[in-house]
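Across the two complexes that follow, subunit A remains constant while its partner is subunit B and subsequently subunit C.
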Partner chain A sequence: MRNPLSIMRRWLGSRRLRAEGGRTAVRSILDRDSVRAAPFWLPPFLFVGLFIYGAIFWNIILSLTDFQGIGVPDYSALDFENYVIAFFGGTPSWSSLTVPSIWNSAWNTVVLMVSFSVVCLILGLLLAILVDQEIRFENTFRTIYLLPMSLSFVVTAKFWLYMYNVDTGLVNILLGAVGLGPVGIVQNPDLKLAAVTFALIWQFSGYAMIVYLAGLRAIPTSHFEAARVDGASTIRMYWHVIIPQLRTATVSALVVLTVFSLKAFDFLFSMYGGYQPGPSADILATRMVREAYANGNWAYGSAIAVILFIMALAIVAPYIYTQYRRGEL
Partner chain B sequence: MAGLAGCSGGGGGGDGGNELELLHAWSSGDGNAAIEALIEGFQEEHPDVEFAEEPVNGAARSNLDQVVLNKLQANDPPSTFQTWPGKTLEKFDGAFEDIEGDVWDEDLKENYLAGPQEQAQLNGTYVTVPLNIHRINNLFYNTAVLDEAGVDPASLSSASDVVDACATIDENTDAVPFAQQTSGAWSTVQLWETILLGQAGIDGYEAFINGNGNRDEVEAALQSVADLREYYPSDSSSISFTEANTMVMEGNAAFIHQGDWAAGAYSNSDEFNYGEDWNQVSYPGTSGSYLLNMDSFPYMANNPSPEATKEFLSYCGSAEGQVLFNEKKGSIPPRSDADVSALNDFQQDQFADFNDASNQPPSIQHGLAVRPAIKTNITNAFSGFLEDYDAAATADALIASFT
Partner chain C sequence: MTHGPAAAETRSLFGYSLRRIAIYGILIGMTMFYLIPIETGVMTSIIDPTSYTGSFPYLPPLEPLVGGTGEFSLQPWQGALDGLSQGLVNSVILVVPATIFSGLLGSMAAFGLTTISWRGQVGIYALFVAGIFIPYQAVLVPLTQFWYNIVPLRAVFESLAVLPLVETYHWKLVALIITHIAYGLPICTLLFRAHYKKLSDEMVEAAQLDGASVSTIYRRIILPLSVPMFAVVFIYQFTQIWNDLLFALTIVQFGDAAVVTQELVGIGVSQSGTNFPLRMASALLAALPTLLVYIFFGDKFAEGVSA
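Our next item is the complex of A and B:
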């Protein structure tokens, strides 16, 4: 992004110098690297601008309308009604039914997003440190840990549906062996969200491991040796010397994991056979699709999408900003 | 795929428009065989009509609805598409055109029973042609298991009798009394609506779907479901409907309540025969009712192929077309005058029950009885019910679904 932007800036600046006018100015513009490279950077620049940022912007506008059912949205009367309904519930002007607020699914989303990302990072870091000990079959372990990520959510959802089975599921057999089970998990309001989060962690901690492993490999051996010579214990060495150097790895893993946690929709959809996983596992994504595609409340669905977007941004943006300030991005 | 369909449909619209764009989600199994048979039968009579037939991938009705809504937004309607009739049509309100007279002629009006005929209308206007009927209020059972338990299904006359029978089966056999899946809410919604129909009667049921339900009746039906739950498989929340159905086929479960598509799996098995190994009764308490689940093809306004679409819809409304379709689909024709001798014994019995039924109420779960936003609220209430089986709280939520 930065490159085409700075090119644009330079190009805009250069226009002021066109005072001499005439063919030379035109030629000098056409001769510029930025212009000559345009076939390479311009199409992606336009496509990304239109389909990503344009779509986000359009979605924000749409969320301010009353667009519902089929037809064409009316952009003449924009207001924040959908956000008021989202936060407080009530009967909106575009519906005869009471529409509940989004707090329940928003809370579930935050719990899922935060617990999933944090546990994935911790687990990934531990795995990476273990795999980094120059163990035998390192590649095999790496592949084994990473493999679940390559599976589709439909597969893993059905797989965990079986794992959580009260009679035959492995999880319940293990719980039974330590005298805790069997317990109903899939429709248990106290365990539902945790069970989904656990399954997602199983699927994605391998990804965090790979990112951290790359980070660990980039740290010069001399840092490990210096810490050793200074008499640091293994724990102190990692805590004070190594982990602080993994900040970039953490950020890039976190961004991707946050995005994955938003994709939990697919998992819930497959596990509960639709976008109604029940109040204790309902997230904003399921609520949004319900409003938009089951009820045809397009504008309200857009408002939920915007809220979800802001939440994701609120989690990711501070990290990206610090990294940017440090010049690491 | 849908995008391609849109392009070809848009191009076809210009040149006279005899190419019929038909969207459906029957991309595999018996549904696919049924639509193929229907189209083949139609083309024998109308060889000039070509199909830009597009099964919408994903094979889920919700995907199909999205594709159709997107096409409607782009002002590029298909000729017709597979949809539930009844209140589901409200989702596409404004996109249909009146076909009374053209398609819904005196012949159709005479031969469709009152229930299905009402479902073909949106706000009193005939816009769609129901093609098949699946019954929701059957209770299927494994004969051997019931014999072993000493339960006579014909003696059951209310929902609480079913609970008592389950207790007897639980005592006398090793089988699971009532096969049910609870990972998704839909099976429980259709069980509850069936029990409500039995306990509150047709008047109580219709009052509920019209938004004037009696809270106590709603709660009593929920309580009956909660009582039955004791007799579900212990892992009901991890299994699918097919797995539950297989339990009945293998003699590991006694009863299953499902739409009559459950019988499709039975007829595919050589060792599980109707009348001998399995049988069915109307869900106790609902014997005079035929609880409807239907598919239909509506006529779209701004139609890319007006004449061809009307010919096709008329064919869907003919006894011949409906028999061809339902023979493969496992459901029954909505036309009461259809000659069903080509259908299997079970379907023929269902058809006889249909013609004898004193009423044909629409199903809530299957989109006929309430409009989509209300159905979403109802399914929400049930997704909570599956977590705690709190009949009182769910009854409040169900009554509030309409406000």
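Our next item is the complex of A and C:
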């Protein structure tokens, strides 16, 4: 394939050469490395720019309209009504029904995000420390712990729906063995969110283990030996010497896990067979899709999406900025 | 480098230290924790639904021998295959081009932003990285609007449908492919960039001194050195795209173009109750491609997710 930029450069260059008989400003711009590399980075960048950043921008504008999914959105009267509804609830001008605020689903989102990430990190760290003890079959253990992560949310939801089943689920069989239950875990409003969180921990704690294991392997053996010479007990050694050195691993695992929890929509959708997980397990991700795709409140869905996006940005932007400052980007 | 115990261990049982026994005990217990939901699914998926009682979901069906375990049957798998066949075909049509193109474009972007170094590239690259963490909800409504009301893809496929093997509903799969390429690009670029940063500059510098063009450097030097990373990226993207539900739900919505995850959501539920053997067989069938990839290339998968 001919490189269109190089053709253009040659054409421009020869014209200028004829006109002025020397190297020109245009010529030197086209010789820059950024321009010579442009055929490689520019098309993917435009693609990402259009589909991701263009779409985010469009979504922000849509959230200011009253769009109900019929015809073309009306961009002439933009206002913040959807955000007022999102924060305070009420009856919007585009509907005759009362629309509840998002606080309930926002709270569930935060509870899910924090409990899921923290338990995953602790479990992952403990597993990583154990796997790091010169054990046999290390690869087998690692492979099994990470296995659930290769599955789709839809598949894990099916497995856990079965595990939690009142009559035949293994969880209830185990509860029955210790004299509890049977409990309708999936339907019980008090247990729903915990059940979802537990299944997600099953799926993603192996990821935290892999990240921590890489972190542990990067610590020089001399640090372990020095602590042992000092006579520190194993627990003290890990607590005072090793775990403080795993900060980078913790931060990067934490960022990825929180983002996973924001994406838990697929899991809830297949667990509850549709858009209705019920108020006690409703998170912003499900609420947004339900408003837009089930209730036809497209503009309101867009507004919830903007709020979700800002939450993700608040976590990710400082992370990317720190990476940039450290020169790790 | 592992960090095993160096100090002499005194307490022991049958020649093994108690500490080692405790470690292996916990590790094996956790192995069961991670495997039991899958094992239960496998066992249930080969029970004849009419003999299914649900008393011992974790045991293999040994009916005449062990009462209450159900009779062996491949009928659930047959039912799963019938129920998911169209979705499986659609998912294959989706996942192959989307994986290949997101990998190729990601490698090109990483090359243009890493091997050829220029001022300001980190800023451009930061926009790629931020794209990894976007919650997809933030773009769903515009995407649906874009594919349904702006791009006349449907009209194109209505006229293309006269060709053999092309159906009108394929327009939705093409829309889904392009969307997945765009949203896969950030992570592909990140994975390739991490790889290209580690390559030594000497060869590229020598080639530049010889007057090699940028595209020659890419094709002759970088691409051959990228092969191991392509394996990692392809495995990662294959798993992500095969497993996705949200984009399919909002772009395909319903109809003949539904992918396997969409079909799986509603399977095994009817008025007469839940057919657990059928549901487990369907879940396993839908997971089989990614499970096989994981079993055979697990280390590459681990490399992809931990980058």
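We take it that the second predicted complex is superposed on the first by the 291 of 329 C-alpha atoms of A that agree within 3 Å, B and C clash if a C-alpha of one lies under 4 Å from a C-alpha of the other, contacts with A are read in each partner's own complex, and residues count from 1 in each chain.
The criterion applied here is as follows: contacts are C-beta pairs under 8 Å (C-beta built on N, C-alpha and C of every residue); 3 or more make two chains touch, one makes a residue touch a chain.
Only a predicted model underlies this, so the values are computations on that prediction, with no experimental measurement involved.
Asks: Should subunit B and subunit C be called a clash or a fit once both complexes are overlaid on subunit A?
Replies: Pair status: clash.
Asks: Quick check on the superposed pair: does A:R228 touch subunit B, subunit C, both, or neither? Answer first, second, both or neither.
Replies: So A:R228 only meets subunit C here.
Asks: Counting residues of subunit A in contact, which comes out ahead: subunit B or subunit C?
Replies: Here the partner covering more residues of subunit A is C.
Asks: Check whether A:Y293 is in contact with subunit B, with subunit C, with both or with neither, and answer first, second, both or neither.
Replies: both
Asks: Going by the contact rule set out at the top, does A:G278 touch subunit B (first), subunit C (second), both, or neither?
Replies: Touch partner of A:G278: subunit B, not subunit C.
Asks: Which holds for A:G181: it touches subunit B only (first), subunit C only (second), both, or neither?
Replies: neither
Asks: Look at A:G89 in the shared chain and tell me whether it touches subunit B only, subunit C only, both, or neither; answer first, second, both or neither.
Replies: It touches nothing on subunit B or subunit C.
Asks: With both complexes overlaid on chain A, does A:D167 touch subunit B (first), subunit C (second), both or neither?
Replies: Both partners.
Asks: Would you sort A:P189 into first (subunit B), second (subunit C), both or neither based on which partner it touches?
Replies: First partner only.
Asks: Do subunit B and subunit C touch any of the same residues on subunit A, and if so, which?
Replies: On subunit A, the residues that contact subunit B in one structure and subunit C in the other are 72, 161-162, 165, 167-169, 273, 293.
Asks: Under the stated contact criterion, what part of subunit C meets subunit A in this complex?
Replies: Touch residues, subunit C against subunit A: 1-7, 23-24, 26-27, 30-31, 33-38, 40-41, 44, 53-55, 57-58, 105-106, 108-109, 111-113, 116-122, 124-131, 133-143, 145-146, 149, 179, 181-183, 185-186, 189, 213-215, 218, 239, 242-246, 249-250, 261, 264-266, 269, 274, 276, 279-280, 282-284, 286-287, 290-291, 293-294, 298, 301-302, 305-306.
Asks: What residues on subunit A touch subunit C, complex-wise?
Replies: These residues of subunit A touch subunit C: 3, 6, 32-34, 36-45, 47-56, 58-59, 62, 72-73, 127, 130-135, 138, 141-156, 158-163, 165, 167-170, 173, 202, 206-207, 210-211, 214, 216-217, 219, 221, 224-225, 228, 234, 255, 259, 262-263, 265-266, 269-270, 273, 284-285, 288-289, 292-293, 298, 301-302, 304-306, 308-309, 312, 315-317, 320, 323-324, 329.
Asks: Which bits of subunit B are touching subunit A when the two form their complex?
Replies: 62, 65-66, 69, 72-73, 91-95, 182-186, 234-235, 237-240, 372-377, 379-380, 383-384, 386-388, 400-403
Asks: Taking the complex as given, what residues does subunit A use to touch subunit B?
Replies: Answer in residue numbers: 69-72, 95, 97-98, 161-162, 164-169, 184-189, 192, 271-274, 276-280, 282, 290, 293-297.
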